[in-house]
Amino acid sequence: MSEHVYKYIEITGSSTTGTDDAIRRAIAKAGETIRNMHWFEVTDTRGHVVEGKVAHWQVTVKIGFTLED
Amino acid sequence: MSEHVYKYIEITGSSTTGTDDAIRRAIAKAGETIRNMHWFEVTDTRGHVVEGKVAHWQVTVKIGFTLED
Amino acid sequence: MSEHVYKYIEITGSSTTGTDDAIRRAIAKAGETIRNMHWFEVTDTRGHVVEGKVAHWQVTVKIGFTLED
Amino acid sequence: MSEHVYKYIEITGSSTTGTDDAIRRAIAKAGETIRNMHWFEVTDTRGHVVEGKVAHWQVTVKIGFTLED
Amino acid sequence: MSEHVYKYIEITGSSTTGTDDAIRRAIAKAGETIRNMHWFEVTDTRGHVVEGKVAHWQVTVKIGFTLED
Amino acid sequence: MSEHVYKYIEITGSSTTGTDDAIRRAIAKAGETIRNMHWFEVTDTRGHVVEGKVAHWQVTVKIGFTLED
Amino acid sequence: MSEHVYKYIEITGSSTTGTDDAIRRAIAKAGETIRNMHWFEVTDTRGHVVEGKVAHWQVTVKIGFTLED
Amino acid sequence: MSEHVYKYIEITGSSTTGTDDAIRRAIAKAGETIRNMHWFEVTDTRGHVVEGKVAHWQVTVKIGFTLED
Amino acid sequence: MSEHVYKYIEITGSSTTGTDDAIRRAIAKAGETIRNMHWFEVTDTRGHVVEGKVAHWQVTVKIGFTLED
Amino acid sequence: MSEHVYKYIEITGSSTTGTDDAIRRAIAKAGETIRNMHWFEVTDTRGHVVEGKVAHWQVTVKIGFTLED
Amino acid sequence: MSEHVYKYIEITGSSTTGTDDAIRRAIAKAGETIRNMHWFEVTDTRGHVVEGKVAHWQVTVKIGFTLED
Amino acid sequence: MSEHVYKYIEITGSSTTGTDDAIRRAIAKAGETIRNMHWFEVTDTRGHVVEGKVAHWQVTVKIGFTLED
């Protein structure tokens, strides 16, 4: 197991609902092309404001995944 | 559009419900005096603990807005 | 009151529900051995991904508490 | 002179020309409402990309100014 | 109390005496226009040197205050 | 629009002319393989010195782009 | 001597007098339960403001100590 | 040579031997798919502890490489 | 497993041999009083120099461990 | 070549023209006393504002150079 | 005046009295070999603890000075 | 002893063997011109990659030394 090598991508998910949902969407989108994702770390939490209200929540996550052999 | 100039304020919203709600309250309060808010960025997430439970969630956001002509 | 001295612990709470719940669990666990907790600050937000979905949300908080006399 | 007290604002200037021009525009805009600006510090350099080219350069500066008596 | 919203200003106080006095002067100056200041945080400690001695101590503080209703 | 998911690449452009030109070249090179680039952020500004003069300006940018459907 | 292992605690001292006194009080309080303290590092300098004046100075220090055998 | 454009990947190597070996393994794994690697920078050094001993050393490196024409 | 709560200690190990050995000694010392250590992260690498040579390597690690029920 | 040892100086160049020119002047001034400069990294970009306009651009660079044998 | 070029040194002053005095001693020592010092910035505040009390206050400052022609 | 004043240099050592050896070489080189070195702190760990392998390890250290009277 000491042979494991992790790679990373950074991706921003967007949601009209809230921060947790924005993270779930980022993971789901990344999962369309990456298998074997293991963990994520939040690196930035932002959002768009339209007419005085939060219109979109945007959370950037760094995702670690292992390469398949 | 290249003429746009953004200014910023930093404000802490408070909620008994959770972090997303604290952000919504910060945006709402800022909106009482600022028009044309465009985006926010979370800079700090804290809270008060009373009798072993989270009593208030406090999230600080930096809000970018354009000046009205 | 100027005599107050605060100490800190850092602790990671885990939840299958979301980030706010992970914070609540960290506070609850700390409260089993520490009395007089006053505030917390989020220092890290991470999570485990299993089969392309967030399996556990893990939030690290730094908790400030006063010593009892 | 030891009585000087500085205040700060943070502002983003935008330009289609380049980074130095974006800074000049931020200073010019701030100067419409603030007198006695003394110095600035660049805190962020970004830009928008349209059709594969830099469309706007956006530089954020923190400006220090003294209050008029 | 969960409704509290904090705003911030950043201000540099100057003193010929020392760092603590520079902080006191920053707070005093801010108090001329802001009521309901609650706390401050030191963000920068600098000074001017004239003829090989510290001529002015300059301390920058970020001050949190609540808005009056 | 709340469905937007951004990905990032980090790339260093090089120029004998100056920093803005190094950024333009980084964007141009990235545009050879990436469509739908939206924004960039400067993360590092360096350069090589040859015989006491700046020979190459090297600016690293993080570029955000959306995935095409 | 190469066997020395240091542990750390983080503690906030409070004073009505100034920042140096707040540090002295943090060290004194820590010394009630920890022997063999060797050094400290200031990690945060804050304070409470009451009626426009600094009411309490609060300095957080990280203290390194060796374990007794 | 002023035309050089560098891209980056971030990768974590793992070793049961030590930190330098973990770096060598990260470089070796990256080299299976990337040619023209030029330099690396260590961004994180961690490890797993099993039964009170370091079981795996994990070092994350950011690798810069040039694109082949 | 979602119930896991991690706590942390920060500890500096010292060695006359090198950085990896200093980490091993920090883990070994921590293991005398803490069970269920899971991982470590290097937060500082320093050393003492005596007569122009490295006399002791000192590496500070933050160790995460679970509480036993 | 593995024997190369780099030293560093940090220096601020000033220009009435712009940021790139301020960097060139910093390098030129350093070159009066240092030979074998290899690279620079920008660590701070500031400027003085006089009568509402940028009067001097000030860029601080860290310069790496090798020692001559 | 736009020709001004600043250089920097970093130096730690020590005092048995307090932090401000440690800064004064650092400036005084630097002044023995450097003329034309203009400003300083505090980069680190530490101290030694002997028998449960602060024995020496140690403050590190970065000093900017101009070169004499 | 409270009179001690420390100065610092930053230097990068290079080795074909590993990170610890690069540190030893940086200290040795600095020792050719500086006496009374007391401690070092690692500020950067990098390396050159040639043909897919680590060719040189490069570690930057900040060295503290006292001035001789």
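Labels A, B, C, D, E, F, G, H, I, J, K and L are assigned to the chains in the order they are written; within every chain, residues are numbered from 1.
Here, contacts are C-beta pairs under 8 Å (C-beta built on N, C-alpha and C of every residue); 3 or more make two chains touch, one makes a residue touch a chain.
Just so it is clear, the model here is predicted, and its values are computed rather than measured.
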Rotating chain F onto its identical copy chain K by a Cα superposition takes an angle, to the nearest 5 degrees, of 120
Could you figure out which pair among I-L, B-D or A-C mirrors the A-F interface, over half of its contact pairs being identical by residue number?
-> B-D
Averaged over CA atoms, how far is the centre of chain F from the centre of chain L? Could you give it in whole Å?
-> 32
Distance between chain centroids, defined by C-alpha means - chain C, chain D (Å) | 39
Dist(centroid_CA(chain H), centroid_CA(chain L)) in Å evaluates to 22
When you check chain F against every other chain, which residues touch at least two of them?
-> 19
Which chains touch? The pairs are A-B, A-C, A-F, A-H, B-C, B-D, B-E, C-G, C-I, D-E, D-F, D-J, E-G, E-K, F-H, F-J, G-I, G-K, H-I, H-L, I-L, J-K, J-L, K-L
Note which residues of chain D are touching chain B in the complex, please.
-> 9-16, 25-26, 29, 55-56, 60
How about chain E: which of its residues touch chain B in the complex?
-> 1-8, 64, 67
Spell out the part of chain G that touches chain E in their complex, as residue ranges.
-> 18-19, 44-49, 52-54, 57
Complex contacts: residues of chain I adjacent to chain H = 19-20, 23-24, 27-28, 31, 35, 37-42, 63
